[in-house]
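Below, each structure is written out as structure tokens.
Note that subunit A is present in both complexes that follow, paired respectively with subunit B and with subunit C.
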Partner chain A sequence: MAQTLLRKVWDAHTVRVLPTGQTQVFIGLHLVHEVTTPQAFDALRQRGWPVRFPARTFATVDHIVPTTDVARPFADLMAEQMLAALERNCRDFGVPLYDLGHEHQGIVHVIGPELGLTQPGMTIACGDSHTSTHGAFGAVAFGIGTSQVRDVLASQCLAMDPLKVRRIRVEGQLAPGVYAKDVILAIIQRLGVKGGVGHAYEYAGSTIDAMSMDERMTICNMSIEGGARVGYVNPDVTTFRYIEGRPFAPAGADFARARAWWQSMASDANAVYDDEVVFDAPSLEPVVTWGLNPAQSVFVSGRIPTVADVPDGERAATTEAHEFMGFEPGARIEGARIDVAFVGSCTNSRLSDLREAAAIVRGQRVARHVRALVVPGSHRVSRAAEAEGLDEVFREAGFEWRGAGCSMCLGMNPDKLSGREMCASSSNRNFKGRMGSPTGRTLLMSPAMVAAAAIAGEVVDVRKVARDARAEVTR
Partner chain B sequence: MSALRIERISGRAIPVRGHDIDTDRILPARFLVSVSFEGIEAHLFEDERADARGTHPVDQPQYAGARILVANRNFGCGSSREHAPQAIQRWGIQAVVGESFSEIFFGNSVAIGMPCVTVPAEAAAAIQAAVEAAPETEVVVDLVAGTVTCGTLTAPATLPTAARDAFTSGHWDATGLLLDDVAQVEATAARLPYVSGW
Partner chain C sequence: MPNVVLTLGDDISTDVIYPGRFMATVLPSETPQFAFFDLPINGPLKNKQVVAGSVVVGGSNFGCGSSREQATSTLVGHGLVIVAKGFARIFLQNSVNLGLRTIICPDIEASEGDIVEFEADAVVNKTSGRRFAIVPLPKNSQAMIDAGGLIAYTRKRLIERHAS
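This part shows the complex of A and B:
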């Protein structure tokens, strides 16, 4: 019978059905970082358990690391204590750690793919909701909490309930200036922040097929913002080319065997889905959020909805967002003044993201009132960007060029908004307080749009800026 | 490992109104910089409480000692941080009643023995109103009967069968179950080419 990738991966990893009716699922790759794991390792210690499959477990440090001065001990003693705990836990339990200063260090969802650890057909878990990113490779990847981290460390398994699959087809060519980030924000806007609960999202269609792995990762990364714990793209030639030659990828004759197995895990052509939704790519514009959840967004040419524009159930949240953000209902989003511009996060901190932002920034100056920073997703991304001179492009324009980490996306390190600052951000959440200041405000958009906003000092349509830049070149 | 059976939770309730209350609101990320969950409940809804200047339900004396939290739609969305349900539980909550929950929050709550039961939207609103009017009202969450009772109101409370059975059989702490059959785990791993070798 024709099956979806989700079903094939689920079946291949099923250990047994538990007495509760849940399925015991084997986890093929467990990624570990400093924030959600110290209590889990302590639980193992208390019970005298080892890490069952240390060779399937990899750790790095990303959430709390400073992106300027990484000298030890950190100025933040609690952060120092967390990193020291991870170092001790990895040492005691035999888990490889890509620590600060290691060439493999970076945001966990950036390094898994770039090291070739992330592969099609795997189950992947990590104590972080953006683990859905790895679904771009045709893996079934999802975020878990600390008790489940303990379960995976101890048994390499989780007790799970089956998921439905919604296929999201995106068809046609994106206009210049419209990116993967705009596609996923548009999907979340239409299906809502809880539309995906109970579902895996399978992204398909000609637009997705034409995307690079970086773009597919941006899409899958934000599945959770639409309520879907899992999002994936079927593996294809683009996937296989990306993986080949990476440090942990199978090599030689193994690669051919692996490729055949990966291919066999893709959804069958006539697989049946629980649901299907179609999006028309050419009709999309750059998207900007105006509110307090990632579904509260408009096209850059649009207006901030009034209470009358939204369904009954969303009116209270809409009013709350207007007040918190300081936006007039019905006003244009274009022209909203910003104080900070942030290019980074597991959503948009890869080399292609930095290239797109740099293309907008080149030869320009950040507006005088704007503090702008670029935080590469990993040490490796950072070095590759520097090899192309992108760091110079950003620095000359007035951006700060930082070390790798999660940084301002969630403000767990020294990079935070202060007071009511408004931030144009390539990250994934515009929740109240998300960027480290309880009253700070976040506008989510693509890296190119962040770059354009940094230069203009306000939200602008990157398509106009890019047109001007092209015209200048022609002159 | 046999854990505690959880069948029925009763006590006073605390209403927390609003849809899409995310885990950054429940527990802002800056309070995750710690190697233990101890004392985390002090920061439950910290920024929301500061905003509300003492009027947040968590700061209202009539809700002190509540055992049941009554929420609305998509409660606990956002980050996978278990710190959010941990803070709620450590504050004294033993069950959450709501119109719907985010999946990761729900799973984390199961893993720590705090059932999140779903009731119709009107029932969640009615219970919140009833508790606001009379905070001493006893609310009963009965997992076996599948109901939430608040004064004269009884609403159907749903919980996926597996989660309900996990609570009522005392198997909600899954680690023991997952370690029951290590041979089968090894056998599953051996069948996966990327584990056993290409």
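This part shows the complex of A and C:
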């Protein structure tokens, strides 16, 4: 019978069906970082248990690390203690750790793919909700809480409820200046922040097929923002080309064998889905969030909705967002003044993201009132960008060029907003307090849009800026 | 009888329940002081003016966003009961594992200060006199919450099996 990738991967990893009706699922790859794991390791230590499959477990540091001064001990003693705990845990339990200064260090969802650890057909778990990123490779990847991290460390298994599969087809060519980030923000806007609860999202269609792995990762990354715990793209030639030759990828005859198996895990052409939605890519514009969740967004040419524009159930949340953000209902989002511009996070900190942002800022200057920073997703991204001279492009324009980490996205390290600062951000969440200030404000958008906002000092349509830049070159 | 100490809207994220800037705590016992830190309720919680068993009423998608289990342990630390129109998936899983009392009640209406009562299949708002149906959790998940979490539940089952 024709099956979806989700079903095939699920069946291949089923240990048994539990008396509760849940499935005991084997986890192929467990990624570990400093914030969600200290109590999990302690639980094993108290019981004298080992990590069941240390060879399937990899650790790095990203959430709490400073992106400027990484000298130890950190100025923040709590962060120092947390990192020291991870270092001790990895040593005691035999888990490889890509620590600060290691060439493999970086945001956990950036390094898994770039090291070739993330592969099609796998089950991947990590104590981080953005684990859905790895679904870009045709893996079933999901975030878990600390007590489940403990369970995976101890048993390499999880008890899981079945998921429905919604196919999201995106068809056609994106206009210049419209990126993967705009696609996923548009999907979340239409389906809502809880539209995906109980579902895996399968992203398909000609737009997705034409995307690079970096772009597919941006799409899958924000599946959780739409309420789906899992989001994936079927593996294809783009996927295989990306993986081949990476440090942990199979090589030689093993690669050929793996590739055939990976291919076989893709959804069958006539697989049946629980439902399907279709998006028309050419009609999309750059998207900017104006509110307090990732579904509260508009096209850059649009206006902030009034209470009358939204369904009854969303009116209170809309009013709350107007007040918190300080936006006039019905006003244009274009022209909203910003204080900070942030290019980074597991959503948009890969080399292609930095290239897109650099293309906008080349030869320009960051507006005087704006603090702008670029935080590469990993050490490897950082070195590759430096080899192309992107760091110089950003520095000359007045951006700060930082070390790898989660940085401003989550307010758990020294990079934070202060007071009511407004931040144009390539990250994934605009929740109250997310960027470290209880009153700080976040506008989510693509890296190119962040770059354009940094230069203008306010939200602008990157398509106009790019057009001006092109015109200048012709002259 | 339990008292509603806080009512919230839809899509309350774990960033609101437990702000990221307090994530560098290593012990679950340290988390309760940071519960709803940026909301006025944090004061009464920290000053122990909220008795265990008090109720927080939320909208749909409660606990969305980050998987941080601190958002669950901080609420367990105060013995709060969360009645919401719906819960985000990771948060609900964390709640079952840590034994946070979570009740799915799609039509719940309550104001701060209301007195509520829990029946097997409903939440009764004694103040308004209205009754709201509960969507039960899977039996197994409910048993884990009742036992105080996954570890306590498993321990209890092993002891029972051993005794019989």
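Simple rule for what comes next: the second predicted complex is superposed on the first by the 475 of 475 C-alpha atoms of A that agree within 3 Å, B and C clash if a C-alpha of one lies under 4 Å from a C-alpha of the other, contacts with A are read in each partner's own complex, and residues count from 1 in each chain.
Here, a contact is a pair of C-beta atoms (placed from the backbone, for glycine too) under 8 Å apart; a residue touches a chain by one contact, two chains touch by 3 or more.
Bear in mind the structure is a predicted one, so any value in this text is a computation, not a measurement.
Asks: Kindly say whether there is room for both subunit B and subunit C on subunit A in the superposition, answering fit or clash.
Replies: Superposition result for subunit B and subunit C: clash.
Asks: Who does A:R16 touch here: subunit B (first), subunit C (second), both, or neither?
Replies: In the superposition, A:R16 contacts subunit B only.
Asks: Looking at subunit A, does subunit C or subunit B touch more of its residues?
Replies: Comparing subunit B with subunit C, the partner touching more subunit A residues is B.
Asks: For A:V366, select first, second, both or neither according to whether it touches subunit B, subunit C, the two together, or no partner.
Replies: Neither partner.
Asks: Which holds for A:R257: it touches subunit B only (first), subunit C only (second), both, or neither?
Replies: Once the two structures are laid over each other on A, A:R257 reaches subunit B alone.
Asks: Check the residue A:M82 against both partner chains and state whether it touches subunit B (first), subunit C (second), both, or neither.
Replies: The answer is both, since A:M82 touches subunit B and subunit C.
Asks: Considering only touches as defined above, state whether A:L443 meets subunit B (first), subunit C (second), both or neither.
Replies: Neither partner.
Asks: For A:L410, decide between first (touching subunit B), second (touching subunit C), both and neither.
Replies: both
Asks: In the superposed view, which residues of subunit A touch subunit B and also subunit C?
Replies: Residues 20-22, 35-36, 38-39, 63-64, 76, 78-79, 81-82, 85, 127-129, 143-148, 193-194, 197-198, 224, 227, 229, 293, 313-314, 316-317, 410-412, 429, 431-434, 436, 438 of subunit A touch both subunit B and subunit C.
Asks: In the complex, go through subunit C and note every residue touching subunit A.
Replies: Result: residues 9-11, 13, 15-16, 19-21, 23-28, 37-38, 60-61, 64-69, 72, 86, 88-90, 93-94, 97-98, 138-140, 149-150 of subunit C touch subunit A.
Asks: List the residues on subunit B that touch subunit A in their complex, please.
Replies: So the residues of subunit B in touch with subunit A come to 18-20, 22, 24-25, 28-30, 32-37, 47-48, 50-51, 73-74, 77-83, 85-86, 100, 102-104, 107-108, 111-112, 160-163, 165-166, 169, 171, 173-175, 177-179, 181-182, 184-185, 188-189, 191-195, 198.
Asks: Enumerate the contact residues on subunit A facing subunit B in the complex.
Replies: 12-16, 18-22, 24, 26, 28, 35-36, 38-39, 42, 49, 52-53, 56, 63-64, 76, 78-79, 81-82, 85, 119, 121-122, 127-129, 131, 142-148, 150-151, 154-159, 161, 193-194, 197-198, 224, 227, 229, 250, 253-255, 257-258, 261, 293, 313-314, 316-317, 410-412, 429, 431-434, 436, 438
Asks: Mind pulling up the subunit A residues that touch subunit C in the complex?
Replies: Per the stated touch rule, the residues are 20-22, 35-36, 38-39, 63-64, 76, 78-79, 81-82, 85, 127-129, 143-148, 193-194, 197-198, 224, 227, 229, 292-293, 313-314, 316-317, 320, 410-412, 416, 429, 431-434, 436, 438.
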